[in-house]
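For reference, the structure is listed below as structure tokens.
Going in written order, the chains are labelled A, B, C and D, and every chain counts its residues from 1.
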Amino acid sequence: LAQNARKGVLKYATLGLDTSDPHRHTGSIAVQQSYVEALTSIAANGAVEPFLAESFAVSPDGLTYTFRLREGVRFHNGDLLTARDVAANFERVKSKVKGGWLVSALQQVSKLETPDDRTVVVTLDEPFAPFLNLLSELWILSPKSAGWDETISLPIGTGPFTFGDWQPKVKLVTPAFADYWKAGAPRVEAVEFDLRDGIDKSLALRAGDLHIVSVDLQAAQDLQKAGVAEISGLKDTAWYFAAFNNRKPRKPFDDIRVRRALMHAVDKAAVMNFVGGDKSIVTNQLVASGNIYFDQALHDADEFRKPDLDQARKLLAEAGVTPEDHTIEFVSWQETHPQIVVQMVRKLGFKVNHVALDDIGTQKRLGQYDWDMSVTNSGPRSDIFLRFVRLMSDGPNPVLWGGIQDPELDSLIKQAVREPDSDKRKEFYLQAFRRTMEKGYFFVLGHAPDFIAIRNGIKGYDPGFTWACHWASGGVAVTAIDA
Amino acid sequence: MSARPIAMMPAGRRASFLRRHCPAGICLPAAIVLLLAAAGLAAPWLTAHSPLDQDLLQLNKGPGAGFPLGTDHLGRDILSRLLYGARSTLAVSALGTVIAFAAGAGLGLLALTLGHWAERILFAAIDLIRALPGTLLALLLIVGLGSGSGPLTIALGVSFVPVVAYVTRAAYHREAARDYVLAAASFGGNGLHILSRHILPNIAGTLITQAAIILPRCIVTESVLSFLGVGSSPDAPTWGRMIADSSRFIERAPHAIMAPLVTLVLLTLSLSLLGNQLRRRFDPIRQETDVPGPAADPAPAAVRPVEAGGC
Amino acid sequence: MTHPVLELHDLDIAIAGRRIVLDLSFAIDKGETLALIGESGSGKSMTALAIMGLLPPNAQLGARSRLLLDGVPLRPDDETAMRALRGRRMSMVFQDPMSCLSPFMTVGGQIAEAIDRAGAADRTSRRERLIELIELVELPDPPSIVRRFPHELSGGQQQRAMLAMALAAEPRLLIADEPTSALDATVQAEILALLKRLQARIGNAMLFITHDLAAAADLAQQLVVMRAGEAVEQGAAGAVLAHPKHDYTRRLVSTRSILRAAPAPAAVTRGQPAVEVSQLAYDYPVRRLFARPWRALDGVSLRIGAGETLGILGESGSGKSTLAKLVSGLLRPTSGEISLFGAPIAHARTIDRDLRRRCQIIFQNPYGALNPRLTIESAMREPLELLRLSGSGSAEKIERALADVNLGPEYLHRYPHQLSGGQRQRVCIARALLSEPELLICDEIVSALDATVQMQVLLMLKELQATRGFAMMFVGHDIEIVRWISDRIAVMHRGRIVEQGDAAAILTAPREPYTRKLIAAMLPPLPDVTITDATQVA
Amino acid sequence: MARVLSVLGTLLRGLVQCACIVMLTFLLCRVMPGDVVDVLGLEGGLTAEQQAQMRHDLGLDQPLAVQFGDWVTHAVAGDFGRSIRFDRPVMDMLATAVPVTLRLTVLSFAFGLTLALVLALAATARPSRLFDVLIDGVNIWSIAVPTFCAGVIAILVFSIWLGWLPVIGGLLAPVLIIGLDNAGQIVKQLREELKEAVTLPHVRTARAKGLSPWRVSVFHVMPATMGVVLALSGLVLGSLVAGSLTMEVLFALPGLGSLTLNAIHGRDYPVILAAVTLISVSLVLINTTMDVLHRLVDPRLA
């Protein structure tokens, strides 16, 4: 059945692929899931679901995790997946890999046991709440993969597709894996991931050259109007924010009153509407409503919901600042919506020197801390911790948030991470977030989903929680092309 | 050979003063160029909108009341962007052209005047620039020097230096081989004297034509760089940026790209006409006295005026 | 055989509304030669091109004009009809062989094209015909010539190749448009002789265009003298030359005669020589890597006494201009010594202003020697300023200098393009004389001028020299002119001076073979005519 | 022999030029803000220490001279290293990119040159207002209309509205657009040149021989314009070597241009350097080839 039912090549274009070594990825992850899978995955509602592990259990102290592996899972080379393979992957990431989210998580692992071929027991030094979620990105590969000791050049995973021909920044072809463990999957002959930058994906989709693509709001609207595709969005939203230089703030932008005044000038609803249309949400938090970490009370108390220029001017007067005397060094990516914020800020009288740079240019410039304000955004994550960790003093790549250095904040986040109890954990995170607001490190403008357009005739695909193209309960494995 | 000199025009024909001194071939394009420049300067009085003001409820609106040329993808008034854009666009491209000429023609002439070795060294350096395609070079330079209108202008200028330098060199050598240059040298005229008195006036026509081509090409290159993500600052109303930005919305809002594009084509056309005309103006005599050079001079008869002989 | 080969009736040609040729009529019989002579721009070439149907696209033929080839009317504006005749019934040899032969094709290839055109049957017969033609025009070593490109031939050989092309079809009518004027005297004589012999063999009619009276007299039975598009005089060659009726023809004839009577040599003043040159060598620098520099001058030594005129004679490319530039300090020699009035300049970094003042140079091409953007006045003012001679009186000085060369003050505000070639050359002379030089270097200053104008300029120059007493280095390739003006002559060949000595002696008793060849090529003198006195010419 | 030597001389000079270019590029690379570690850390996966460690491992913290020396020693041995970004041999990446650009270059060059020649020849053979306007139009188009604009319009019309061409990877549209652009750059000069060439004395001689018009144009007029045609071709080809950057980006052609652009944006030094080296070497080769061809066509230059 499986053989005959497979039909067509699915053309998929969202994010790129940086490396053929799934353990060494440091960022964008939307492609590798098609050929490698993890013990867990994130369901469309954000919950952790079993994947290669058919079940898992956590000890009450939050220190011991026991995984029961699915039976009959085969690697692309035909080998059966065993507990030892899983342990080897844990070991490899722990010892060999230098960057990435997982590295710090795995530093906590003190003991790895494989009592039998299908059981893996992991013991941590101290409780680490995001562990299960983060494991959804610890891909399990056959230790026989070429380059295992250095850089894996030909990953052998268990995914529904196998790693085929890869041309960086051009394309990756992944042919279907006949012995995939899930019955009836995959349903297409291959997935061709388009990895090119700069192409107009929506036009290509309209011309029929692509099937599933990520698009911005304007393109999504066009596609909808043209009636060629259905528009959906990643279930976890991206959050948009304005940040200030927190590491080396310049006068007068170190003054919380000035920062608040600037925020009062911004019409969050207008910006968010531009970015996300009617799918956008105006709020002041890291997550959107519906997420368990969302706090309704805090949301309701958002004083910046509506622009208030009078209030802004009042605050500026209080701080003794004449806007006309100051030029805001404003940094952003080459996106459109920061221009809207810039224009709103100008209304207060500030001069703005807006520098829009390519990704790395922005990164570098922000890292120099010679700017005042920036507007950027951050995408879906498998765990809330990955949002908070960026606000920590020694967190990875903190520049988007102005390089906050606040021991108090650090300790609140650490407490949250160590807290096995979810209610208490939520409370710690909330406290931490409140602190950022009080200090005026950055202000959330709102949330909007990253839009995904699915061409008519593609069946069974709906975007998941993150950018992942494949997860236990959905994704490219169950996607079919209607003739 | 081709057109007869003015001296040969039938004496009876009388042209009006304006016709004679400013024929349509020069007046019209010159008027268009000046108009565009003036529009840039007078932008604040010509339009009520600021080029930066956004009306987020009126994105990509076609021409209509309030917005004579419509709005762009951020709800900005295209007319005012076009007008204010004339300023920055013309400034950047003119400055780029000036840089290209200062380095290509200025340095080029200096080196040529200084002699064989200076020429070799300078042109070896210029060949370095020439060994990379212009756009790629500009791209590398901007990424290297950092964005902003300064580096942009420099990159534009530098990428056109080789063209200018080579045209200048060819024109210089053509001119330097003429006998009047030798004659001036035989009177003890130094390099500077020969350059300013004899060579410069005679190659000015060629240089002007070249400038008329390079100026619009600066604008186009700027738009290409914007398209590639390294142009001027994102809200700067330059024509190049406008073209690059609105190319994404060409289907929804064709007017947004047409406005700057048509203006650019108009400017280019005018400049090219103007360049041609000016060169012709500059060189009413050239056609006639252009002798191929001392070595190949077999048929001076062909370039001799008819009223030869007799006195 | 009742019809002449070519008949022209009332030929009118206009270009862009300007009449170039007016009411020209003549006829040429089989085996006969008609010479068309006249000043430059008088419409000789246009006439020839009209017959061939090769007029420029903007040219128009008069309505009344009738051209007949063997009694059959020609339609010069019907390209297809004319093409059928070209290269079969009539063919043409052009003035400048170098530029009229395609540089991209071997000589053999180009002649073969003409043979094909004339109708060659197969490869072998074409090859035979090719060799035959090459032998016919007396080119050496046919198999090797065939494979060469035009630039690998000398000017004379190029012209012979052109002739071979034109003769491929044994045409009824051969048009030769100044076939020798771009060639050296030695070669010229050979080509003319060849034309004569060929005509005797093939029996073609020939239209021979020239501005050289001697050549016309040598070759033609009939003569048509043109001026400004009109035939001012025509008839049997001997009669026209012996009794020129029209003023223009008379001037033309007398010019040649004046040259034959050399003026008395100038009294050479003893004392410091104006120029002394010893063992001079010059290499033109190369622009490309690994290329060998071109040695244009090698081991040249000479001396010009004060007030003396040294003539430099030599074929094109022999290094005459290079020598002139070196002596005037415009180039620095590779080796050797030059001293001007006793001051060595060969290796001096700069030449001081006084020396510059004392030595002036005039160039071959009057069209290039004046900046088209400067009025005559500013052009004349330039040397005064540069030589620091300008003062309150410079305006008068300039006017006087112009008057010396017979140009009125009305020329001051003209631009060069508003002057004729002769006038321009006179301006150049006036400009050179402004600084009252003691040495004047003239680099072929009359070669580009019409015969009649040439004489005006030469006479004037001689007169000025007589009053001012400057020394002169006169470069030229016309033996008669050089002999007429010089006291002594140096003959140059391939960058060397092969012989030098007293002007009369060199021409009457040449010692070197090259010189002898040069002299032998001089055309026989024209039949004696009544010579109006020299001043009447100017 | 002298001919060979002089060609070698030109080549040698060109190679020295390439070396300088590469050095300059190396310096430019290093003044570009950010490096590949920043790129990798972009998504936030790297802490400051991890980044420092990575830089150390990649040798990015060594003195420039050392890095450059290193690169050169390897490059001379034909080893262009591995892309730091993608950890693949640079040669492999070039090997996939070059054929794409080559195809694009050759096709659009052929089209552009043919178009220009045809236009210029037609205008010379039958002078008419129409051809002059056409030539001027193409010329102004190439000066004033950025190729990407034409590209966007072409995509809209031919791919979306008419559905004739694919948006991605299709060669036809970019070839036509670049070709037209190139034609515009050379057609005017070509026209002037031909205009002059038909009045050349040796062309008149050919006509006087009674040769047929096509024989005259092919064997006598064309060779005379070859010098200019070759020079112009060199110019156009040179600008094409980097692939037409914008066209490759717009039509998603994975050629040398996109590769270079991506490498610049990704601060992938080994790739930038290798690509720039390749591009400048090809330019030198093109120039030399044109030079040699010119000498072959024109026996006077030999």
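The working rule: a contact is a pair of C-beta atoms (placed from the backbone, for glycine too) under 8 Å apart; a residue touches a chain by one contact, two chains touch by 3 or more.
The chain lineup, named per UniProt: C = Peptide/nickel transport system ATP-binding protein; D = Peptide/nickel transport system permease protein.
Source: prediction; values computed, not measured.
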- Please state whether B-D or A-D has more C-beta contact pairs across its interface. A-D
- Distance between the CA centroids of chain A and chain C (whole Å) is 87
- Query: What whole-Å value do you get for the distance between chain B and chain D if each is reduced to the mean of its CA atoms?
  - Reply: 23
- Message: Rounded to a whole Å, what is the gap between the Cα centroids of chain A and chain D?
- Response: 39
- Item | Chain centre separation (chain C, chain D; CA means) in Å | 49
- Task: Pull out every residue in chain C that's touching 2 or more other chains.
- Result: 96, 99
- Message: Please output the residue numbers of chain A that touch at least 2 other chains, ranges allowed.
- Response: 200, 357-358, 361
- Residues of chain D engaged with two or more neighbouring chains: 33, 156, 160, 249, 261, 265
- Pairwise, the chains that touch are A-B, A-D, B-C, B-D, C-D
- chain B residues within the chain C interface of the complex: 4-5, 7-8, 116, 178-180, 182-189, 193, 197-198, 201-202, 285-286, 288-289, 291, 294, 296-301, 303-311
- Note on the structure: Listed in rising order, the residues of chain A that touch chain B in the complex are 200, 218, 222, 270, 273-274, 332, 334, 336, 338-340, 342-343, 346, 353-358, 361
- Query: Across the complex, what residues on chain C touch chain B?
  - Reply: 16, 18, 39-41, 95-96, 98-99, 182, 228, 285, 321, 325, 328-330, 351, 353, 356, 360-361, 363-365, 367-374, 379, 382-383, 386-387, 406-407, 415-423, 428, 431, 435, 448, 450, 452-453
- Note on the structure: Given the complex, residues on chain D that touch chain A span 33-35, 38-51, 53-54, 57, 83, 85-88, 93, 96, 155-156, 159-160, 163, 166-169, 249-252, 254, 258-259, 261-262, 265-267
- Any idea which chain C residues touch chain D in the complex? 52, 54, 56, 83-88, 91-92, 94, 96, 99-105, 113-114, 117, 149, 151, 162, 165, 288-292
